[in-house]
Structure formats: structure tokens, C-alpha cells
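One chain, subunit A, appears in both complexes that follow, with subunit B as partner in the first and subunit C in the second.
Now for the complex of A and B:
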């Protein structure tokens, strides 16, 4: 992460900011390990039962190995499912695991805000400039992009340039990291009444 | 925020993925016969004991890994020693002081706080839930003033992480009319 926080006071916060902007994957690990525990407990139990020549709980190890060695159509389907699950887990392990949050530079604190809050700030700026009811203005914020959509009142003009300026000023005042580019879309079709 | 080792979390998921892919590849290879490998055949007693032992070891390791997640929280924010003993300030005190200061900021719905250890240093995490379309600058500056007041009260600068959140409560809360 190369969020260039201007203030030197923020430097010790780098670890805190990085950790709060990324998922820990602990939930994924716990789910995967619980599944692993169930499977391994079963495999271990079956192995011990087989050593002493006792009846298997579900499938004896020899039969299980035979199934793995000579998969029928069910076995092929199961193998495909396992491969798919493996690929999904590889994606979970390798993806950056970013949370939808931005950092704000601050002298005293490490500050992160949810992208929804950032979108709200953009809506606020657009509403103040356009004097439209807040329900007509929506915003979506992704990592590097913030898009405001304005639905004007039918028959009245909306000054898109002024709204864009107001939104850009509001974003610049917050200076979210990573930086976002603000765009304003004015809907083609207006709405009657307020 | 906890002190979970995130690189190890990734590694564990990757290893489980690898095991699944190896089993799947083995079975699919047996079906298609792309690579000639001998079948696993019948397990003998040694193999069964090894399987049982390895399973037990992995189960124990997995349970201990799961049980040690979520560590790193602390109740004590600050401890001061002198000749007569140790004085500690709990995170709840700081949370109450901050919440009090912020109760009059209109855009803030809720303030919660807890402390956790980052590299041995107690850090205060403040989660501030705001109304929809809140004035974020005002919220952050208000919290900044409350933290400055806390600094003066405690006479020390505790690291603070401020998380401005848009929770479910924020979406349900009535939006403030803009004058």
C-alpha cells in the first residue's frame, strides 16, 4: 500500500491503517479449518477402526482409496467439485482482500472511513449545490472512483459543472487515500414534483 | 482489529487449496489416464497408523489455531507506576469521555471504543457511526477535538484509530435536513 500520508505523525500508524483496510481472512480460515477437522477426524477414526478390523463408520479406508484410484462418474464429478473449491480457495488466499474503506490524512489519529460514508459526503455536497431533495442524489464510491448520480426535476435545468465542482471540492477537502476521481452524472430523465 | 498473523492465514488457505487440487488432479488423472501413475492400492497397517496419527496432529493444530484467533484486545489503555503502586486507565473510561464530547455532534449516531495492542502499544479504536450524507470533515474534526481533550485529561498521547462507519443503524437513522 503506497498511501502517501503527508504528516510524519502518521508514520507509526501505517500498520494500523493497512490492517484496518484489509481483511484478516480469519473467517475464511476458521470455516476451512472446521471442515478440515471434520474430514480428518473421520479419516483418523476410520483408519484406527480398520487397523483393528472393526466395522467402518461410513466407508473403510481401503474402499475410499479404491474410489480415489478408480473414480466412476460420481467420482469424476466429486473430483471436479474439489478442484473448483481448491481454485476458489487459491483466489481467497491470493486476492488482496481489500475492504471498501479509504484512509484520511490526519495529524493526530489514523482515520479510515467506509466508502459508504465517503459517498454520503459526496451526496451532501451535490445536494447543497443543486438544492435538489437528497433522495434524488446517489453516489457510489469504489477504490479510485466516485460517481454521483443526480436526477433533476422535470423541466428545470441542473448545473452539472457547478455540482461537479462542489463534489470535487468536498472530496479534495477530505483527501481520501487512495485518491478517488469524482464524476457527476445527470440523469437524462427528470422526475415530476419533489 | 486483532493481532492475527495474516500471512499465515493466507498460507493455511493456500495449503488446504493445494491439498484439494492434488486429490482432484489425482482422481481426474486416473479417469483420463494422462500420466501413468501406479494406483494407491490397499493400505497396510503402517499406512493406517500414519494416517490416523497425521489426522490427529492436524486436528489438534487446527483447533489450537482457531482457538487463538481474535487475540490482541486489551482492557487497559494506560498504566502508570510510582512508589505507591500502579494506576491503570481502562479503555472504557476513554470511550466514555469521548462519547460524552461527541454526544452533541448531530451527524454522529453512535460511538463505540475498544483498545487493542499493536506491537505492545495499547491503541484506542474508535468506531463512529454517522447518519447518511454526514459532514465527514465535521465528524473527523469533532473526534479530533475530543481526542485532544482526552490527551489533556490523560496527559499522554495514546495512538488512536478512528473508523467512520456506515452501519445498518446509519441507514435506518433519519437523514438530517440540510437547513
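Now for the complex of A and C:
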């Protein structure tokens, strides 16, 4: 199935799937650029006002330069905040920006499923097999790993192998990409009554 | 399906509330200790996946004069294992530990000779 996705016929889908599974940076880019434009426009305005010897809007360029050369504690704090913002922006730019979603193979459509939905499917399979109340079964799905946690009823034995098989069957039926490995944890402590 | 034999598994599930379980185990314990159910207090907890039963109540002992008297510890030991077996048989729950606290001893004949 993954070979289908990789084939040239599915190239547009691959693009769509990639776009749906990764976060767009455009918001961060727009905010950063607008802020930059505002600052530069202000500096330009102040420069022109200074050239004609008019009163500055906020600070005259000479005073600003003097302030930058001899920062007080507020100036240092502001510089640190700007540096931190820069680090955050670099991190946003370089991180993969993945969304918690998986692609489902389909010949005719690009299908993307939220990891929460995938976790729900795993919980459902585990509930059907274990016959426990749904509130006792939880699942967490990450990129390559799906973990189901089962809290048994005290005194009733839980067939972890059968639940694992049921969950694996459910995952295999969906075949999410990238593939996830399903594991089932049976909680050490049970709950009295069901 | 994973069902053994020719049992046809019906979809759905059975849930037994802890209250029902408590009442059932109270009745079992009362019968095994030979006292009224109202005298018995039960606390159910989890013992790493097994059911842990704590029973507290009086025990009935036969009149001191009568022959064939078991020692009280032996009697209670027997009652504990009987309670465990009954809970597994009747309530279908695997029992980890059974703790019995005897609060009183009722030395009464079951039936007075007229």
C-alpha cells in the first residue's frame, strides 16, 4: 500500500497528505514579518524626522543608539526576550511540525485520520475483546506507537494476548501510515466491581 | 471467536456492581461463619488484579461442653478457604486474600432442646 502512495500516480495525493500531516509555518512567518515591517517603518520615520530636526514620535535615533550602547536592566530584559523569541522562531522553522495524524491508504482519495480517532478504534477493539467497560480502557497513539492500557476488574483475569491480537487486527485493518506498533498494558491494579 | 466448546457467545457484556458483589460476599461469609448477614461487614479491595476480601464479624462456636469441638483458629481457617472457594464459585471472581476479623463469639446452641 505504501508503494501505491509512493508511485507517481499518487504524487498529488502524497502532496496533499504531506500538507495535512504537517503544520503550516505561514502564521508564524506572517506575524514575524509584520512585526519586522512595523519596527523598520518606525525606525525609518524616526530617521526622517531626525534629518529635518522635528520632534521624535517616541525616541530620537541618537538617543536610541545611546540606549542600545548603555542598556539598563529594562533594556537587557527586552533584549533577552527578543533573543528568546528568535530561538522560538528558529525552533518552529526547523522542527518537523508534524500534526498528530496518520494517513490511511486509499486508491481514490487522500485520507487522513486524527490520532485520537485511531486511539478510539484501538480502545473499541480492546473493549470488544475484553468485555470491560469502555471507561477502563484508554489508548495513546504517537507517530509509530499505539499503547492501550487496560484496567481489569478485580478477580477477573484479563487475556492480554487476546486483547493484543484484537488491537493488532484493528490496526492492521486500517493500516495507518506511518505504521504504528500496538502494545497492550494490563494495569497492575484492578478496580472492584464493573 | 475465542470461545471454547460449542458455546454461542452472545454479544454484550455483564457488569456486576461492587455493591452487588459486596452483598453476595456478605451472604457467603455469614453462612460460613454461621451468623446473620446483618452482623457481617465486608471490605473489597484490589490485590494486584485479584479480589481481596476483608470480613469482619462474629463467629458462632458450638457450646463448650459439646464434643467434636474444633479449635477456633482451625474453624476460621476453614471458613476463610470456604469463603474463597464460594466467592470464586458463586461470584466468579478470583480471590487473592481473605482476611477475617472476629469481633465476637456467639456461643449459642443452634436449637434448644425443648
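Criterion: the second predicted complex is superposed on the first by the 181 of 194 C-alpha atoms of A that agree within 3 Å, B and C clash if a C-alpha of one lies under 4 Å from a C-alpha of the other, contacts with A are read in each partner's own complex, and residues count from 1 in each chain.
In this text, a residue touches a chain if its C-beta (ideal position, glycine included) is under 8 Å from a C-beta of that chain, and two chains touch if they have at least 3 such contacts.
Just so you know, these numbers come straight off a predicted model, no measurement behind them.
Applying the stated clash criterion after superposition on subunit A shows that subunit B and subunit C can sit side by side.
When the shared chain is aligned, no partner comes close enough to touch A:172: not subunit B, not subunit C. With both structures placed on the common chain, the touch criterion links A:189 to subunit C but leaves subunit B unconnected. More residues of subunit A are touched by B (comparison of subunit B with subunit C).
Applying the stated contact rule after C-alpha superposition, one finds that A:54 touches neither subunit B nor subunit C. Once the two complexes are overlaid on the shared chain, A:155 sits against subunit C while remaining clear of subunit B.
Contacts of A:33 after superposition: subunit B is touched, whereas subunit C is not reached.
Contacts of A:120 after superposition on the shared chain: subunit B is touched, whereas subunit C is not. The three-chain arrangement built by superposing both structures on chain A places subunit B and subunit C 130° apart around the Cα centre of subunit A, to the nearest 10. Aligning both complexes on chain A leaves subunit B and subunit C separated at their closest CA atoms by 6 Å. Contact residues of subunit A toward subunit B in the complex are 12-13, 15-17, 19-20, 22, 24-26, 28-30, 32-34, 36-37, 40-41, 43-44, 47-48, 50-51, 61-62, 65, 68-71, 75-76, 78-80, 82-83, 85-90, 92-94, 101, 104, 106, 108-114, 116-118, 120-121, 123-124, 127-128, 134, 173-174.
On the side of subunit C, the complex with subunit A involves touching residues 2, 13-21, 44-52, 87, 91-96. The touching residues of subunit B, counted against subunit A in their complex, run 1-2, 4, 6, 9-14, 16-21, 23-28, 30-31, 39-43, 45, 48-49, 51-52, 55-56, 58-59, 62-63, 65-66, 69-70, 118-119, 123, 130-137, 140, 143-144, 147-148, 157, 159-166, 170, 175, 178. Those residues of subunit A lying in contact with subunit C across their complex are 129, 131-133, 152-159, 162, 186, 188-194.
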